[in-house]
Structure formats: C-alpha cells, structure tokens
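Consider the two complexes below, in which subunit A is the common component and subunit B and subunit C are the respective partners.
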Partner chain A sequence: MDKVMSNKKIIALYVMPALLLILAIVYIPIVLTGYYGLNKWNGIGALTFIGLDNYQALIKDQTFWNSAWHSLQLAVFSTLSLVIYLAIAMVLAARIKGANLFRKIYLIPMLLSSVAIAQLWLRIYHPTNGIVNSLLESIGIANPPAWLAEPSLVLFALFIPILWQYAGFYILIYYAALKNIPTSLEEAAKIDGASALQIAWKIKLPLAMEVIKVTIVLAVVGSLKYFDLIFVMTDGGPNGSSEVMASYMYHQAFRAYDFGYGSAIGFFLLVICLVITWVIRKLTATKDSIQYS
Partner chain B sequence: MMSGTAGRLEGGAGAGAGAAVTRKFGYSLLYIVLIAVAALQLFPLVWLLFFSLKNNQEVFNLPALSLPMNPHWENYAKVWNVGNINLYFFNSVWITVVATVLTVIFGSLVTYAVTRMKWKGSSFVLGLFMVAMMIPVHSTLIPLFSIFNKVGLTDHPLSLILSYVAFNMPITIMILLGFYYALPREVEEAAVIDGCSVNRMFFRIVFPMTSSVLATTAIINMIYNWNEFIFVNTFISSDAYKTLTVGVQNFIGQYTTDWGAIGATLMISILPILITFLFLSNRIVEGIAAGSVKG
Partner chain C sequence: MFNKKWTILFVTMCLVLVTAGCGQKGNGAGESKGNSSGGGDKVTVNFMHLWPEGVSAGQNKIVNQIIKEYQAEHPNVVIKQEVLDNEQYKNKLKVLSASNELPDVGVTWAAGFLQPYVEGNLFAPVDDLLNGELKDKFVSGTTEAYAINDKTYALPLEFNIAPIYYNKAIFEKYNLQVPQTYEEFKQVVKALSEGGVAPIALGNKDRWTGSLWYMYLADRIAGQQTLTSAISGSGSFMDEGLVKAASEVQSLVDSNAFVKGFNGLSNEEAKSEFVNGKAAMYMMGSWDLPNFTTNEEIPLEFRNSVGFFKFPTVEGGKGDINSWVGGPGVGLFVAENSEVKAEAKAFVEYFVSKWGEQSVTGAGVIPATKVDTSTLELPQLYIDLFNEMNKASSITLFADVQMRANAAETHLNMIQALFGKVITPEKYSEEHDAAISKGN
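Moving on to the complex of A and B:
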C-alpha cells in the first residue's frame, strides 16, 4: 500500500499541472511586481532601474494617500456592516420557518457580476430617472442630490451596493457557523433561565468568534482590494473622490503608462493585504481548526 | 408550530399570557425585518426586469416603479444581435466551461496527491495553494499582462483560461480537501491489494466517488468565471474574444441612452446564473459556505 501510494512519478504527474500554473500565474508575477516597482517603465520599452524612487514618490503622492484613505473607509464600513449581517443570521438560525428561503434570496446579488451590479446601480442612482431620486421626489424632496457626482456623497453611495452585494454571503457564513453550535448548550442555558439575548450574547457569540474573525479578515482585505464596482460606476471620480488603491494602480499602469509606479502600488497593496491578514489573525488567534461544511 | 418555535426562540420558561403576546409580537417583528431585507435584496433586480421591458418613452415619462404595461420583449431580440452580445455570450460559455473543467480536474489531482498519497513536501505544496488565496489579483495584473504580452497571449482566450484556472485553484482545493479527508481508506486498500494502479484507482474509484462535491466546486467556479471582469478588460482587446461582462460594459458605453436595451443586455448577462441558482441553490449555498470560511 505505502509503496503504491508514494510513487514519485505519479505524485509529480498529479501535482505538476496545478503547481506550475499557480507558480506561473500567481507567484512569479508577485515577485515581478516587486521588481517592476523598482524600475521606471512604460510597459513597452526597456526597464530602467531606479531603486526605491517609486516608493519615495508614493509616500509623497497625495492622490495615493487619498485612495488609501478611501479604501480604509470602505474597510471600516464593511466591518461595521458585519454586525447587521450577524444579527440577521442570528435571527435566521433561531429555527425560524423559511430560514432556508430567506438565506437563498439574500445570496442572489452576490452571484451576479460586479459589472451588471454596477450598471444596475448606476441607473438606480440616476439623477432624474433612478429609483432613489424618484422615491425621494415622490415624498416631497424637491432637489435630491446626484449621488455619484457629489464628492462628499460618492463613497457612501458606492458603499450601499457593496452592502447589498455581500449581505447574503456573510449571512450565509454566519448562519453556517451558528448552526454548528450544539443545541444542547442553548437548551441547558434555557433551563437555567437565560433569555434569548443572553444566549445570543454569552453563548452563541463567543462560539461563533472564530468565524467572526475570519469574516473580519475577509471584509477588510476584500475592501482594500475592491475594484470592479467602483471602476465601472465612477472610475474613481468625481475628481478622484472615489479612487481606491486598486483603481489608482490600474489608472497609473494602464492609463498613464507608468507601469513601474503602478507596480509599486500593486506591491504595496499586496504587502498591506498580507500584513493585515496576519495582524488580524494574530490579534484574534486562539485555535484555527474549525470545520464548516 | 408558531408559538412552539417562538417559545424556544424567546427562552420559554414559565411564560404567562402577557409574555406570550409579547413573544408573538416580537416574532412577527422579526419576520417583518426578514421580509424587508429580502425585498431590498430582490427589488433592484425586479426594477431591472421592469425597465428591460420598456421603451425609452416609458422609462423617462412614467413613474420609475410603474409596471411595463406593454412589455417590449423585442428589446431582448434587438440587443441579442446588436453589439456582438451573442458572440460575447458564447465566448463566456466556452471559456467558463473550459476553465471550470480544467480547474476541477487539476484541483482533484492535487487534492488526491496531497491527502491520500505519501510524500515529503505535501504540506508545503498545499500551503502554497492556500497562501495564494490571500494574494490580491490586482497585484499580479501588471506582470501577467507583460508576461502574456511577451509570449503572445494577450488578446488570446488562453490568457483568460490560464488565469481563471490558477486563481480558482485554491478555493477549489479547499472545498475538495474536507471531502477527500473524509473518504474511507478501505476502498483504496482493497483496490491496492487487488493490484490496482494509482491511476486506475483515482479515475475509476475516487474521482466518481467525489461527484457530488465536484458538482459543487464546478458551480462555484462557473459563477466566478462567468462574472470575471478585470482580466478580460485588461488582456483582451478584440471583440472576437471578449466575454459578456466586458461586452456588456462596452455595449452600454455605446448605447447609454437606450434604457430598455441596456436592461435587456444586463438581464441576458445575469440570467444564466439566476437560472442555475433556481435549480441548484443548495449546492451553491453549500459550496460558498464550505469554500469561503477559511479564507
């Protein structure tokens, strides 16, 4: 048995296709991103090594810091909205009739492409024909704002579809976690006279903590690399007021043809995502092995 | 049933008539909230369906929420041939299918080698796949573009397929892992004793045994591939290879004022996913729950 199951040729044959792909498409590009970031390069001509100049420029680049600030705001928004998702999941997991159906309905937006969602929400926010402003006008608000054209409102306006898109995803994860908690604990607490709120706060929340930590990582890292929806809806505008890190990278590389600088942003994004994942994991580390399936 | 559930929900011990009323009230309130959330999730899509069936005059002159009284189904027929939507649709279909099949096969082979076979470095290799999950796609975009450019794969569907397979590999392996760990070893032992080769064992015994989890991973892969945007937008420039996500984007860029046409195009781009979900929602829910949590 052991001899058959440690046949090196077969192992190599099984592992190689996927391994080579992930090295070529994920890991080598990551190394190259770091390298390109040390160069001046327009994407076509020769690379000119300039050391850390791109990174020095990055530190002084106010537009970059603005985009990082917008990404951070999205991360905070998203993390806060986890509370709402968790509350809804708690209700759904409390053996409520139709919980399955609700859970599925909530999930639908998450299955659609960001482009379709972005194009739909562009119309929802349309200054004159969109549903938001039509509704506002019908309740007597005469001049509702053009949501996506207002620098002070645009980030908030973009956050709503993001909240809408991911609601079902997080509710689903929380629901699965809460369903995994043995009912015996809850029943014992009930016999001791604990109220539903006490059970939620003192039993369910601590037991779901592992998953809550994972979702915080997902929400924060997901927000930091957020791109598609913003790219389609506002393209970072008006006047950079919704530019985020990933869109700034894209604009620098593929619009301004400054691939070296774009790569420096890309590398920064990578480092920040890995560091934040690591920090949140460390801060919240207890045990890592929970099975949800 | 209602009160029984409510009783459990609220704690239950020693409830008087007043408490029962409060519980019922609280219970109804919860339902109202759940239904309101469901309505909010569905409402934008219903509105999309509505304006996909209207002409511009109806969109601009009637209230935004009015029903499409004379549904203009011809909007769909009209956009299908205009602006290459049919071409983009078929590109999406075949690229999605090819990438999904490759991901599922390669992912199964790796998972089998990692979970069932004995070799040094198996946990390191598995780690490589799992860490890749943390890496933002955007950080690889510029080098991928230049690599594909050098080897002549920009504006070639292979650039998309390779990227999709690689970036979906980690989550595919993650969903498969739990299932493979749980497979009983006895079958394999018996097969080995009978002189069965590893290849035969994998393809004839193990692979068919995983068909249910394969279906789940395949569906998750399809949804991701169908909706992918940034790679198509960056790597593909000619219309012949564009997929629906980017095609829709371009189409709308050219016809910004025809809301009915835009609505119909968007509906066409999301219908395959919605229909899949209608029939296979349990698998999709399962797959997302299994695949995402350890992210």
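Moving on to the complex of A and C:
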C-alpha cells in the first residue's frame, strides 16, 4: 500500500478526476464570472468588452452599498448570535438531563429546506393571520406592524428565522468540540474549587477556540453570500430594504438582463469574502494554541 | 493484498465505466439530431413550456392532449416536453440562450421580454405561419405585440385584460353599488374600510400587481395616448396627468384601500384574502377567471358571489371606461437555429389552432385566436368578460411587459416605492423618464 501511495503517477491518477471536476464546476466559472464582469452583456447577445466600467458603476451604485450594508449587518448579527449558540452547547454538553432530545430539537430546523422555512415564517409573520401579530393583538397591542412590509423592521424580522435556521448547525459543532475536552480537566478544576463559570471561561472556551475561529469565518462568509431565505420571503423588498448583495446580483443579472453587471457584483462579493476571511484569520491568529493535556 | 496491479486495474475500470456512461448519452443525442433531416425516420421536436401539472392542471391536460393528437396524425414526429415553473422557466430560457441551446419550440412573453432574444437572433420569424392557415384567426392587436421591425417572432396563445373582481356578498352586506365613477369608488373603499373589511386585496411584493392600479389611474386621468407615449419614451412621465395618477395611488394607500402589509404580501397570499372573503375587491388579469368559475378547489359559494366591474372613470379625466389594461399572455416561438425548424413550425401552427377552443372549455382562459363562444357552454362570468373584451375601445399593454428589461425593473421598483410612500409622485415620474431614456 505504501508503495502505491508514493508512486507519483498513481497519486496523479487518483487526484485527477476530483481535481478536474472542481476545476470545471468551481474555478473555471469563477474566472468566467470575472471576465463577464468586464463586459456589457445582456446574457443573450454578444459580449462587448468595456473594461472596468461595471466596477466603476458599482462603486457609485447606492443600491449596491445599501445591500452591502444589509449583508454586513447580517454578518455582525450572525457572529454575535454565535455566543448564544456556544452558551446553549455548553449547557447541553454539561451532561444535563434530556441533552440528547434538546440537541435533536435544535438540529431539526437545519434539516428543513430553506424554502420550507421561508414558507413557515411567512405564515408566522402574516400581517393579519400570523401567529406573531395574533399574539401581539391578544396582549392588547391594537395595531401590530406588518413585519415584512415595514422597511425599518423587515431586516430584523428576517434575522430571526436565519438565527433559528442555523442554530442547530453551530450548536452541533460546538457540542462536538466541547465533548472533545477531556473530563479529567474539568474534574481537576472542580477539586480545586473552580465555579462552573470559571470552568467555562478558563478551560472550555480556550480549548474550543480553534473551532470558534472556524465558526466565525463560516458565519461571516455565510452571511455575506446569504440569499435563499431572503429571496423567498421578501425578494429584497420592500424597496430594497432587505436587499443583500447576493439578491442584488440575482436581480441585476436575471431580472434586469444585465449579466455583465451581475457578474461584476458576484466577483466583487468573492473578493470581499476572501479579504474578510483573511482579515479574520489574521485577527484571531494566536502563536501558540492552548494545550492543557 | 492491494498491490499496484490491482489498483491500476480498479481505477481503469472506474474510468471506463464513467466514460462509457458519457459516451452513451452523447450517442443518443447525436442520433436524434442526425436523423431529423431524414425522410421517414423519427423527428424529435423539443418543446419547453410552463404549465406543470400541479400549478396549471387545465393547461397541462390540454398540452398533453394536443401533443397526443399531433403525434397520432404525424407518426414520424416525437414531441419531447420539458415542463418548468414560471420563474424557473424564465431563468432556464436565459441560460439556454446564452449557450445557444434553445428548445425547438418554447414559450415566450411579448414586447420587452422578446426584444433581447430577437436582437440576439435566437427566434425565427413566423410570418409565414401568419399568412397560412392561421390567417385572420387572431384577435386583432395580439400578434402585433410579438412583432419587432415588422417581423413577428411568436404566435400568441392567450389574451388577457384586467378587471376588478369583487365579492357580491360583501357588497350586499354593506349595501354598496358597483361604482361607475372614481368618486363612487372612493366611497365604496371608505364604507368597506369603516366596516372593518379590507377593501382591496393587493400582493405588492410581486410589484406588477401594483403596476396594474397605476396603469388604470394613468389611463383614466391622462388618457391612453399619454401613457403609451410616456412608456415608449416619446412622451414623458412628468406629464401632469401621470403625476396626478401617481399621487392618486398614494391617496388610495392613505385611505386604507389595500390589505394590511400589502408590500410584503405575494400575489398568491393576497388572492387568498380575497378568496377567504376577507377582502372585497381584487384586480387581476382574466387568467384568474378559472378560480372564480370552474376551479373545484375553491368553494362554490364563493365562486357564485364573484362579479367584476370595469375600472371607473375619473371626473375630468381623458380615459373612457371601455379602455383596458391587458395584453397577450404567452406565445410560442421557434428557435432560429433549430435543426428541425420546418417540423417545429408545423407543430406551432397546429398547437395554436387547437389551443383556441380547448383552452376555453378546458382551462377557462381567453385565447388569442378567435373563438365562437355561442356554441359552447361556458360560465356566465367568462362570457361577460369575453364580451367586454370585444367592446374594448383600447387595450394598453402591461407596462412591465412593454418596457425593456432594465426599465421594467426600475418601473416595478418604483411602483413598490410609490405604494410604500417612500418617494414622491414627482420623483416617481423622474425615475421613469431616466430609466426609459437610458434605453436598455
């Protein structure tokens, strides 16, 4: 076996199919998108090369910056909600009764498709029959807002189902990370008289740090390219008040027939995601990761 | 155990299997194309449409029926269907045209939607069909919407106008009459809103729904000519009457004319408010007729209490009550680079002529071809609307269909902004002129 694996030809043979596939469906389209972004193209006729005009227009496009601002808000919100997920995971990992059941309950939203979740929450937010407004009315609020039609509320109203949708995913990751911490450490700390909070703060958190860093990157990049729930629930509206970068890209390419501009937005989005990932990696880089064992 | 020889053999086998799979598919495709020119062999015509069984059961049945008959009459032709939902259909059409792989026959919309495809030289002109068997079969004004530079690029299947449907039971309960003038209409809205019933169901998340209301107000106040020339770019949306129409939309919003949260509701959600009797009126194209006549899934009691009226005239306005907003729905195109163009055209001709009568009785939609309804047994609501259409003094094509894609997108966004009261009527008009003068 070892002999086979050290043979360069065999390695190439093994790696090649997957590599070709990834090149064909990931990297080549990225390069093509970058190229389309330099053209004026309605998606049908011939391409006209216009250099960086699309990017210049992008920089001046107020709607784009609004949508970028919304994406950024979502990213900050998602990152902050990681704290809640971590807290829940810590409680679940502390061998409480019914932890298994709770873990499954939290995970279920993740198993539903985004469109199903969107449909569910559309009903919850329905201005007259929805559960939210029915509740508000029953406690005496006479005229509760129409959540998805209010420009000032719509983004906040969308954040809730997004938080709900991804809760299970992050809780599961944290749960696994926390379970990996040897119980002997915790027991030793207990003997030394450490409180539960101290254990969480001084032992569990540092040991889960590597995983936390990864989830921050996942949450931020995931938020920046977030699309599906918003697309189904509000379509970026009303008046673009819930438009995010990915939905704006879709609208420009597929609704306004401006594939060149849409591609420019897509490429810009990629660059932003790469830069932010790099920045986060730099900011959270620690020279020596903590090892207690 | 797992030595080099075996590994290589295993990998080779895998590769052989993979390539064999690909090869087979390639051969199959080549076969159907290669044979298309041959005389007695099978010809495959690919047909992509947007009537899935679940969503448009009536239309789906008719399509299958027509294809079955056609194949029986032309044993050498196989019609291969690909069915997609509305939005997906539009997206797929764009993707296919980018790679120049359009189906031989497909469904398209008129005017602004059609333009880039025609400019990209993707649709074949079908004027020869118009002068053949189908000559004079179309309702006047329908094929024109598919014409660019004097050539027609698709044959229309449907024709639609948009009336205001209303719930007779609710009107009776509040002792209301069908309004003839806009002043009376506002009284009706006021009475309903004070009575605790939402006057109008509107799902403006979809935006074109709100566009209908603006179109009618613009037509009634400024007149059809002003509206049409503003849309085409020869006039201006800054016209006094058109600005007034926009401000009239906002005063309707102020008087609580529309259901709560309309800017966040989809058309389907709004429609269900109307169907559940929670809203009294609903403006929609005649394609929704089956829901108010023959659709068994909707309670008979409700269907019996649905009536319609024409958008009322505005005092001092230029439009008359018989002018409508509407236009042809979808039409059939033949791909320019189709390898079986002759067969595709023959199929389109057959399809359009069969569609007329069957769509009336089977799906309850109004076809673009002339149909003698006197011999058919049809719901009264359908006949009434059909007769109104024949009396129409003018029909203004839906704005978002008429405009080019980019301008249409601006129009729709502005509509939502206007209804949401985040822009002034003047700004609304300015933005329109700017988008239309940009010309794409």
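Odds and ends about this structure:
We adopt the following convention: the second predicted complex is superposed on the first by the 268 of 293 C-alpha atoms of A that agree within 3 Å, B and C clash if a C-alpha of one lies under 4 Å from a C-alpha of the other, contacts with A are read in each partner's own complex, and residues count from 1 in each chain.
Simple rule for what comes next: a contact is a pair of C-beta atoms (placed from the backbone, for glycine too) under 8 Å apart; a residue touches a chain by one contact, two chains touch by 3 or more.
Just so you know, these numbers come straight off a predicted model, no measurement behind them.
In the superposition on chain A, contact of A:Lys60 is made with neither subunit B nor subunit C. Shared-chain residue A:Gly43: touches subunit B and subunit C both.
In the overlay built on the shared chain, the residue A:Lys282 is in contact with neither subunit B nor subunit C. In the superposition on chain A, contact of A:Phe254 is made with both subunit B and subunit C.
When the two structures are aligned on the shared chain, A:Ala176 is found in touch with subunit B, with no touch to subunit C. By the document's definition of touching, of the two partners only subunit B reaches A:Gly262; subunit C does not.
Legend: residue contacts after superposition of the two complexes on their common chain; A:Lys8 is shown touching subunit B, with no touch to subunit C.
By the document's definition of touching, of the two partners only subunit C reaches A:Ala149; subunit B does not. Taking subunit A as the reference chain, the count of touched residues is higher for B when subunit B and subunit C are set side by side. Using the contact criterion defined above for the overlaid structures, shared-chain residue A:Val115 touches subunit B, although it does not reach subunit C. On subunit A, the surface patch touched by subunit B in one complex and by subunit C in the other comprises residues 1, 4, 7, 10, 13-14, 17, 43, 254, 259. Put simply, subunit C touches subunit A in their complex at residues 2-4, 7-8, 11, 15, 18, 90-91, 94, 97-98, 116-117, 119-120, 122, 204-205, 207, 259-265, 269, 273, 278, 405-406, 409, 413, 416-417, 420, 422, 440. Those residues of subunit B that touch subunit A in the shared complex are 1-2, 5, 8-13, 30-31, 33-34, 37-38, 40-42, 44-45, 47-48, 51, 59-60, 63-65, 106-107, 109-110, 112-114, 116-119, 125, 128-129, 132, 134-147, 162-163, 165-167, 169-170, 173, 178-179, 188-189, 192-193, 197-199, 202, 223, 226-230, 234, 244-246, 248-249, 252, 259, 262, 266, 269-270, 273-274, 277, 281, 284-286, 288-290, 292-295.
The touching residues of subunit A, counted against subunit C in their complex, run 1, 3-4, 7, 10, 13-14, 17, 42-46, 122, 125-128, 146-151, 154, 234-235, 237-240, 251, 254-259. Contacts from subunit A toward subunit B in the complex involve residues 1-2, 4-8, 10-11, 13-15, 17-19, 21-30, 32-33, 36, 43, 88, 91-92, 94-98, 102-116, 119-121, 123-124, 129-131, 134-135, 138, 164, 167-169, 172-173, 176-177, 190-191, 193-196, 199, 211, 214, 217-218, 221, 224-225, 227-228, 231-232, 246, 249-250, 253-254, 259, 262-263, 266-267, 269-270, 273-274, 277, 290-293.
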